[in-house]
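Report on one structure; see the data block that follows.
For reference, chains read A, B, C and D in written order, and residue numbers begin at 1 within each chain.
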Amino acid sequence: MIDKQVSSPHEAITSIHDGATVMIGGFGEAGSPIELIHALVDHGVGNLTVISNNTGSGRVGLAALIANGQVRKMICSYPRSANSMVFPELFRAGKIELELVPQGTLAERIRAGGAGIPAFYTATSVGTQLAEGKESRTFDGREYVLEHGLRADFALVKAEKADRYGNLIYNKTAGNFGPIMCTAAETAIVQVREVVEVGEIDPECVVTPGIFVSRVVTVASPEQESALVAAGSVYP
Amino acid sequence: MSMTSRQVTGWTREEMAALVAADIPDGSYVNLGIGIPELVAQCVPAGVEIILQTENGLLGVGPEPAEGTADLELINAGKKPVTAIPGAAYFHHGDSFTMIRGGHIDICVLGAMQVSRRGDLANWSTGDPDAIPAVGGAMDLVAGVRKIFVITEHTTRKGEPKIVDECTYPLTGKRVVERIYTNLAVLEVTEEGLVVRKLAPGVTFGEVEEKTAAPLIDGQCNR
Amino acid sequence: MIDKQVSSPHEAITSIHDGATVMIGGFGEAGSPIELIHALVDHGVGNLTVISNNTGSGRVGLAALIANGQVRKMICSYPRSANSMVFPELFRAGKIELELVPQGTLAERIRAGGAGIPAFYTATSVGTQLAEGKESRTFDGREYVLEHGLRADFALVKAEKADRYGNLIYNKTAGNFGPIMCTAAETAIVQVREVVEVGEIDPECVVTPGIFVSRVVTVASPEQESALVAAGSVYP
Amino acid sequence: MSMTSRQVTGWTREEMAALVAADIPDGSYVNLGIGIPELVAQCVPAGVEIILQTENGLLGVGPEPAEGTADLELINAGKKPVTAIPGAAYFHHGDSFTMIRGGHIDICVLGAMQVSRRGDLANWSTGDPDAIPAVGGAMDLVAGVRKIFVITEHTTRKGEPKIVDECTYPLTGKRVVERIYTNLAVLEVTEEGLVVRKLAPGVTFGEVEEKTAAPLIDGQCNR
C-alpha cells in the first residue's frame, strides 16, 4: 500500500544532505513551510543552495536557516522585505551568495525543470542588468534571453490537505510556488494541515497529483511567521 | 502678487489614481503595483467592472478585508491581506506568470523611479552598491503586460525630475511605458517623444517642462 | 458588467476569418467542441490551419470541417484513428498539409505559446525523423531539439461549466488540450453544458481562469461524435 | 520423434503481461501503451499498489467500466472507456506531459515493431510512403519515462525477427529500451549487448537466437 506519510517534520527532512539544493515554497509567510524549515535548522546540514522567492523575516523560518549559516547561496526574486535583516546583513558582509531572478523567470525556470525542459527563451529582463552575460536571440523581430530550467534535490512545501498518495490541495494564495516546486525536486516534502482519506479530495480539484510528492507530514496548527516575528522569537 | 516661483502641487494621489482608473476600459484585466498604484482599485467608476490580478496567485482581488477578518494566506503581491471577489480564481506561480508573460493582462499600473522619453522604466534598483537588489515581478510585468501605465509624483522629494532623457538607474524594461500619470500632468510616450495630454488644474505646460529632464510636446486633448 | 456569453455557436464563431489558425480541443471525441465545429462548417471560411490532436472520425465534427475543404493544414500528433477516413484520403491525394508533432511537444508548444515563450528545448524526438532539420543542442551531456511556441487566432474548446467571467471547469479526461489552448489563442471560444452564477465555481477548483476566455456559449446537450458516426451521419 | 523444427509458442500474452507486472515495484507510477501492454494492469500481484497514468489526463486509471456504465469523457490513451480509482487526479495535457517528460513516471510498457540490440525502439511508423504518419505520445514517453519496458511477440506474424541489429523502421527513440518481454524470453539491454535473462518453458537459448536478428548473451537468472 502506498502511504507517503511520515510521523514528524524531523523524519521528513532527515535525508537532506550537506550541499543539497532545496526549493522552499512560500510568498512571504504565505505558504512557507515553517515547521519543515525549523526541522532543517535542527538537522544542521550546511552549504545549502536555497531557491525561494524571499529570504524570510525576523529570526524564524527561512531567516533562521540563513542566520544559522546553513545557506551558501540564495536563488530568489525579492531578498529584502519588511522585517528582513538576516539576509541583508550576511549579503553585505559577503557571507552569502545571491542569484537574483525575476519572479516570473524564477517560476518558469522551476516549471521547466519539472517538465524536462533544460532551457527556454523569455522576453523578461531583456535590455536590463539581469540579462547581462546571457545569450539572447531574436524571434519574430523581438529579442529574448535564454534561461535554464531549475531542479532541486529537495522541495519543502506547505499545502492544506493531502491523502496517502500525496495528492495535494492548497489554501488561497498560499499555493504560490508550491505546486511547481513539487514537480522540480527529486524529493518533494510537504507539510499539510490535514491528511484525509483517499477519495476525499475531488479528482477534478487536485492541484498537485501525488506523483510529484514523496513525503507528507501533518502539522495541524502551523506557527504563523509574522506572529513569531512580532513576538521577537528567535529559532532555535 | 509675488513674482517668485509659486508652489505647484497639482493633483492629489487620489486624483491621479482616478485619472488612471478613468482610462481603464470596462472589462479589463489589470495588475496594480505596490504603493500609489493600489489606490486605483478604489477609483473605478460605478458601472465599470475590472478584474484585478495579483502575481502571487489570485485573479479577482477584492477590497481590503474588514477589521479583524484578515487571512494571512490571502494576500497581494505587496504581502498585504486582501479579499477575493465572487468569481475569483486561485492558481500557482507558473500559471500566474503565464497570464503576465503571455500577454493576457491588459494593463499594469506601476510606480517609477525614472521614466525616459522613450518609455524606458527604472523602478527596481537605485544601483547603490550597498543596496540589496530585489526585482520581484516588475521585469515580467513590463515585458508581458499589454499596456504599462506609470503613476508617480512628477519629481523626487528633493525636487529632481523623474521623467528624464535617459534613465540613470538600472532599467526594469526598455520602451515599455505607454502613459505617465503624475501630480502635474498626464503624458503619453509616442514615437515622436513625450506628449503632454493633460495638465493638472492651474499648472502650465511651461511649469511641467521645467520639472522634466526631457523634451515635451504640447498635445493637450480638449476634454 | 462583464458577460462573455453569446447566444449561439454561430454567433460565437462568426469572427473566424479565411486563413485563420484555429486550435480545436479534444482527444478523440472527448472534449471535442462538436457544435462549435459544425457552426464553423456552416460559416464556410477556408484556408484554415487547424491545431488539434486528431483529425476527427466519420463525416461529422472535425472530419466534416476537413471534408468540406476548409482546412489547408493540420498540426497534430495522431491524424489516423478508428473511423478516420476523411483526412487520410485528402492527405494521400496531396490536398491537405500535415505537420506531425509528438503529443507532448504539441502540448508544450501550445503551453509555451500561451506563456510568452517563443522557443524551448526538449529531448522528445531526438534521434528520430521528426528531429530532422531542427536545431539541436546539448545541455549537461544530453541532446535536445529546439521547438517553437504555437499561438492561434482562435481556440474552440468544450468545457463543463462556466460563469459569466469565463472561468471554466472541465469533465474528467475531456479537459485534455482545452485549458492550454485557451491560453494560446487570441480569442478562445468555449461551449459549455451549463453557465452558472458567478461564485458558484469554487475558486480553488477553477481550471481555466476567465482571463483566458473570450466567449462562452451554452450547449446543454452536445451531440456525441461516436453515436453520430455509428449512425452514419454526415454533416451538414 | 520428428526431427523437423518444432513449433515454439512459449508464453501467452497474459503470461508475458504477468512477467512485466512482477517486475514493477510496489508504489510505481506506470504508463501502459495501447495493445498488449494494457494487459499488465490486470496482472498486478495482490498486495502491490501501482498507479497508472494515461497521457490524456488521468493519474489513477481503474479497471474497465462495468457493462453499460462507460463514460465517453473518461477514456484512456487508446480512447477506450476506463474508470478512475479513489485518489485519482485529472489534469490537462500540459501537466500530463510534465509528468511524462519531466521524468516522473517510473515505468512505461510499450509495444514494438522493432527493438535494436542497443535499445533503439521503432513503434510508430513502418516508413511506408502511403501510410498516414501518426506518432501520438510515443516519442515523449521514451524520452521522458525512467524505464522503458517493451512487450511484444518475438517475431512478426510472418516470422520475421522484431529484435534486430539496427532498426529498419523509423525510430521512436534511441537507446531507450531497458527490457524486452516476448513470448519466448525476457531480454535486458546492457552495455555489453542483449542479455537473455529468462526463457519461456520448453524454449531453448538456441531457439531464441534463431528468431533474433542480433547477437544474444546467455545470462539467465536462477529464479
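The rule we apply is simple: a residue touches a chain if its C-beta (ideal position, glycine included) is under 8 Å from a C-beta of that chain, and two chains touch if they have at least 3 such contacts.
What you see is a predicted model; the values in this text were computed from it and never measured.
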Check: What chains do chain B and chain D have as common neighbours?
Finding: A, C
Margin query: Counting only Cα atoms for the centres, state how far chain A is from chain B in Å.
Written below: 30
Next item on the list: Just give me the whole-number Å value for how far the CA centre of chain A lies from that of chain C.
Entry: 34
Notebook entry, point to check: On chain C, where are the residues touching two or more other chains?
Noted result: 108, 111, 115-117, 122-123, 170-172, 204, 207
Next item on the list: Can you tell me which residues of chain D touch two or more of the remaining chains?
Entry: 84, 90-91, 97, 101, 143-144
Notebook entry, point to check: If you go through all the chains, which pairs of them touch?
Noted result: A-B, A-C, A-D, B-C, C-D
Next item on the list: Provide the residue numbers of chain B that touch chain A in the complex, in ascending order.
Entry: 54-58, 71-75, 79, 84, 90-94, 96-97, 100-101, 125, 130, 132-140, 143-144, 170-174
Note to self: Taking the touch rule as given, give the residues of chain D at its contact with chain A in the complex, in rising order.
What the structure shows: 26-27, 29, 49, 51, 53, 59-60, 84, 86-91, 95, 97-99, 101-105, 143-144
Margin query: Could you list, by residue number, the parts of chain C that touch chain A in their complex?
Written below: 108, 112, 115-123, 137, 139-140, 142, 144, 148, 169-172, 202, 204-205, 207
Checklist line | chain D-touching residues of chain C, taken from the complex the two chains share | finding: 27-31, 77-82, 87-88, 91-92, 98, 100-105, 107-108, 110-111, 122-130, 170-180, 207, 224, 226
Checklist line | chain A to chain D touching residues, read off their complex | finding: 1-2, 111, 113-117, 163-165, 167, 183-184, 198-199, 201, 203-204, 206, 209-212
